[in-house]
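Look at the two complexes coming up: subunit A is in both, with subunit B in one and subunit C in the other.
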Partner chain A sequence: MPAEILKEKFTGRVQEVVLGATKDEGGTRAYTVKLGGSSTLPFLQFEGDIPNRPVIAFEIWDIKPDWHECFAEYYSDVWEDPVAWAKKAEELGADVIYLKLRGADPELENSKSPDECAKVVKAVLENTGAPLMVEGPGNPDKDNEVLQAVAEAAAGENIAIGLAEKDNYRGIAAAAMMGKHCIIARSPVDINILKQLNLMITEMGVAPEKIINDPLTGGLGYGIEYSYSIMERARWGALIGDKMMAFPVVCLAGPEAWRAKEANAPLEDAGPGWGEQKPRGIMWEAMTAAALLQAGGDLVLMRHPEAAKLLKKHIESLMVPNVY
Partner chain B sequence: MGLTGLAIFKLLPKTNCKECGVPTCMAFAMALAAGKATLDQCPYVSDEAKEALESATAPPIKLVKAGSGDKVLEMGDEQVIFRHDKTFYHPTGIFIEVADDSNVEAKVEEINGIVFERVGQRYEIDGVAIVNASGNADTFKNAVAAAAAKTGKVLLLVSEDPAAIEAAAAGVAERKPILYAANGDNYEKMVEIAKKINAPLVVKGKDLSDLADLVGKIVGLGYKELILDSGERETSKVLADLTQIRRQAIKKRFRPFGYPTIAFTTEEDPYLEALQAQVYVSKYASVVVMKTTELASLLTLFSWRDNIYTDPQKPIAVQPGVYAIGDVTPDSPVYITTNFSLTFYTVQTEIEATKLPSYLIAFDTEGLSVLTAWAGGKFIGENIGPWLKDSDLNQKVSHKKLIIPGGVAAIKGKIEELSGWEVIVGPREANGIGTFAKLKLGA
Partner chain C sequence: MAFYMIGERINGMFKDIGEAVAKFDPKPIQEWAIKQTEAGAAYLDVNVGPTAADRVKSMRWMVEVIQEVCDTPLALDSTNYDAIEAGLEICKKPALINSCPCERPKIERVFPMAKKYGAKIIALTMDKSGIPKSADARVAFAMELVAAADEFGLSPDDLFIDPLILPCNVAQDHAPEVLEALRQIRTLSDPPPHTTLGLSNVSQGTPFRPLINRTYCVMAMTCGLDSAIMDVNDDELVDAIATAEVLLNQSIYCDSYAKVFRQR
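This part shows the complex of A and B:
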């Protein structure tokens, strides 16, 4: 009895988005990275093509982060200096550098000015070759000012800036368009807002090949299944031809996983059976990331170099062709 | 799913004898289609029609059970490809391998000892897979007996040598072990053994077509307690095969694939192995057999299994009420949050970490999170105030100070007005509780 392979006949695909620009393209990046482009469900190459494998971005901050002490082993010599940190991230295997401008938070004592932020971005670009993504401090007014300055300073580099949200997207979209950059559009684990926000941004004139979606990730054990299902629905929407659901998706595996007690607690404060913190923290992040890949993540934001290394190998095994 | 009343009617005897308890054959057909009657109520239906009807009205994936006592593992009986279409029902069983030529007792003890607790859940390994690595039937039999004596977990007997399976299975028949595996060469003998003790039998194909072929032959022999293994071991190919099996069973009602599935990990690195197992848990495997006993690998895998098998239609709630954390006294601080379990346990673990005995109110929001419940009018001063005023907390503590989540600072005034308590606005995020307790409560 021959089993007849059942293939879905999809008409749509995920929008392909290019991050970065090389010298020939008006920038200074050593290479560009392509996100999305799939015409099939995650890793099911038997019914469509996956032109670009999921990409790994490393999270770096412009100020010393408040992360678990286990990160000191990797970053304590560089985390006072975003340029050195960015270089280190490249050495550790980052495809993309994801810079969070936390130092511009107006609630901080020495809150960085938009000019200072622009200088940091410029310096990172001058000293690295990876495509760059830049996230503002998370305060709507300050985000607008900071990202405007960043977009100008990085003109030609085709970076991604964000986060654009439903109540705060105009200024950021305008800055992205002006500097010919990509925009990261964040929706709060809600497929309708995701679609609506994409619509509003495109109506402002942002080109589809410049939009990346951040559907807001829940970490393992803390709501990851909500994000998983939203991402599955968005991917399905993309494949059946809904262009407003068809943008590449960013998963915040690192920052979300490291909010969990399970990642951080030392052995003496750990729950029953949890074991040592080091492998547990690494795996909490790697498992969060790997699970979200099954729902269609195109770019995964990672924090721990060991977790990123595991994920890279895991992606390789998933990209082995499975055509019947 | 299933057949329409009209399609069923065509296969009925059309005697209108009422012996089924329904006035006409047509009405009986309608009752069948609606799932309100069963075919055995009709004494005159032909065997042929019965077979056709059963396969058409049967669930797309058969429920198969293994194990005994309180360690029964239910496999299969799934209805959807995506969890958001309904839910996934039967969580993947996680099994760990034990070679029959190793120290079986020590290994099984170790597996028994792997128990995790987090956010009110308890996770343990579901089963032990005893592998006939020695190739010797007696060694295998002894190893299975030794494992059975040490654990109540579900047993999976791994050998393609029917003589070894027969010898080992006889001693643990009442435990309803899973037998692995029937292949093209041994299936007749394996079916005989499985039938004798009514144990689930894994059918292992060389590929999907071979698998479908073998299942057809085994069903032809009258055995349907089956679990499927496509024989593939590479992650991306197993993913494709598991997807095909699930899809063909559900979307095409392809009967040979209407059974639960089993997958084996192959990665040597215990952490990569857990990520590989995660793919199979996410994508439809009913059983995953692993080698590692690494805690970080298993804790994260179980957590993921717990998440993906959560019913997306039901928020999970804890019993509303007042919870004491640590050895509380009348001076202990009082926190409030909602009874959405994720919210509640997140707050509870953070309060625990402050080491300051405290009360935590799980306010009844029908299982919604703080901001959702607030937006929906279920976590507001008008509800909390009167409740607090009459709460038995007034007898338990000597102060009247309530700490509320920072995200809903706006409800402070109304609670104070309606309860007579003083409200302190806490941190927005639970992970700020440690610092908050240190600065404001002197923890």
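This part shows the complex of A and C:
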């Protein structure tokens, strides 16, 4: 008896978003990265096309981060210097550099000014070739000032700026439009707000091909299933033609995974059977990322080079065509 | 599942369209094409009306002038299949044939034509003897139509089965039978056929047309209705459909859901 392969026929697809601009396009990036574009569920290439594989972004900060000591081995020689750190991220295989401007947090002593932030971004752009994403310090007023300055400094480079949220998106959307950059729209693990925020940003005049969604992914063991199901539902919405759900998704796998005690605890504080911290931490991040890929992540933010290596290999195997 | 709104307004039965067709004046037709597209119509019904001298020529002309101003897919509405074929030949997007009853000679003409042009079909649960009353009889016709689709190499997904609603003032007992028929039609095949209604018929001759239309539409949606030939410029009706879609968990809620519904 012949077996018929069941193929879902979808009418919609995920919007394709290009990040970065090369010399020909008015920027200085060595290459651009395309996100989204899929017309099928994650990796189901037999019933639709996946024109762009998920990409890996490396997280870097503009100040020394408060991360677990296991990262010192990779980053201690660069994490006082965002430019050197960005170059290192490229060496380690980053498709995209994701710069968090934590140093601009107004709660900090010597909080960086918008001008200083713009200089950092400019310097990173001058010394690297990967497309760039820039996240503000997380304080609404300061985010607006900083991202405005960053958007101007990076004019022509088609970076992504964020995070735009429901109560703070106008200034950031305006800055993104002025500089012709992409915008990262974050919703708090809430699909209704995700959709509404996309509509509001679109109504401001931001083009669909400039919007990236951050559904605020939870880490493994700490609510990842909520994000997972929201991302699945968003992808489904996109595929059945809901244009306000059809934007590429960025997953903050690294930062979320490393908030877990299970990633950080040394052997002497570990729970029974947890084993050594080193492989455990790496796997915690890699597994968080791998799960979010299955839910439809288009760009995965990673922290640990070994976890990123594992994920890269995993993506390569998932992208082998499974056409019948 | 998304609800397909089929805009009913470009029909020669309406005075302005009838006159436009007679005089080959594209303006009223194009205005309604744009207005209905902006309201969120998935298809625009195109009917030359009873007064057109040459239906084939009029249909082709109407399709041409509509496609000059928008690219919304068209529902070619005629009992003259030569007129429909003339329209299909120049449709830029896959069209909907409106309609084919459950009569063998017509099925043999329409179904292969749909296959040839990649069109879908509004298929009526009736034959020469007229519209049946019971849900069972309507479903029996639907079953035959689904089988015929298979016979001619079409998928049930290519069918929009119309169980034929009648005015509630003169044929009140039909309304619940149609609801039951809709429920059963969804279970006939996998994938199920689409269903549709000439929604405005339900209120024909009553003084409460918009209220009756939107109430019945919501009731029918809970029974599986996923399209309707309707007044897409009736904002309260469109709001009711958008709301029903959300409450059936067919589209994702957001505060501006009714606006998003019209934009897709």
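Here is the rule we go by: the second predicted complex is superposed on the first by the 324 of 324 C-alpha atoms of A that agree within 3 Å, B and C clash if a C-alpha of one lies under 4 Å from a C-alpha of the other, contacts with A are read in each partner's own complex, and residues count from 1 in each chain.
Note that a contact is a pair of C-beta atoms (placed from the backbone, for glycine too) under 8 Å apart; a residue touches a chain by one contact, two chains touch by 3 or more.
What you see is a predicted model, and the numbers here were worked out from it, not measured in a lab.
Of the two partner chains, subunit B is the only one that A:Met283 touches; subunit C does not reach it.
Contact with neither subunit B nor subunit C is seen for A:Ser76 once the two complexes are overlaid on the shared chain. Of the two partner chains placed by the overlay, only subunit C lies in contact with A:Lys195; subunit B stays clear of it. Judged by the touch definition given at the top, the superposed model places A:Tyr324 against subunit B, while subunit C stays out of reach. Once chain A of one complex is fitted onto chain A of the other, the partner contacts of A:Arg233 extend to both subunit B and subunit C. Judged by the touch definition given at the top, the superposed model places A:Gly223 against subunit B, while subunit C stays out of reach. In the overlay built on the shared chain, the residue A:Gly273 is in contact with subunit B alone; subunit C does not reach it. Greater residue coverage of subunit A by touch, when subunit B is weighed against subunit C, goes to B.
Residues common to the contacts of subunit A with subunit B and with subunit C across the two structures: 233. Contact residues of subunit A toward subunit B in the complex are 1-6, 43-46, 220-226, 228-229, 232-233, 236, 259, 261-262, 265, 269, 271-276, 279-280, 282-284, 286-287, 290-291, 294, 310-311, 313-314, 317-322, 324.
The part of subunit C that touches subunit A in the complex is made up of residues 1-2, 157, 251-256, 259-260, 263-264. Here subunit A touches subunit C in the complex through residues 9, 11, 191-196, 199, 233-234, 237, 240-245, going by the rule given at the top. Contact residues of subunit B toward subunit A in the complex are 82-84, 114-119, 208-209, 211-213, 216, 234-237, 239-240, 243-244, 247-248, 251-252, 254, 256-257, 267, 269, 271-272, 274-276, 278-279, 282-283, 294-297, 299-301, 303-304, 306-308, 310, 312, 342, 346, 349-350, 353, 431.
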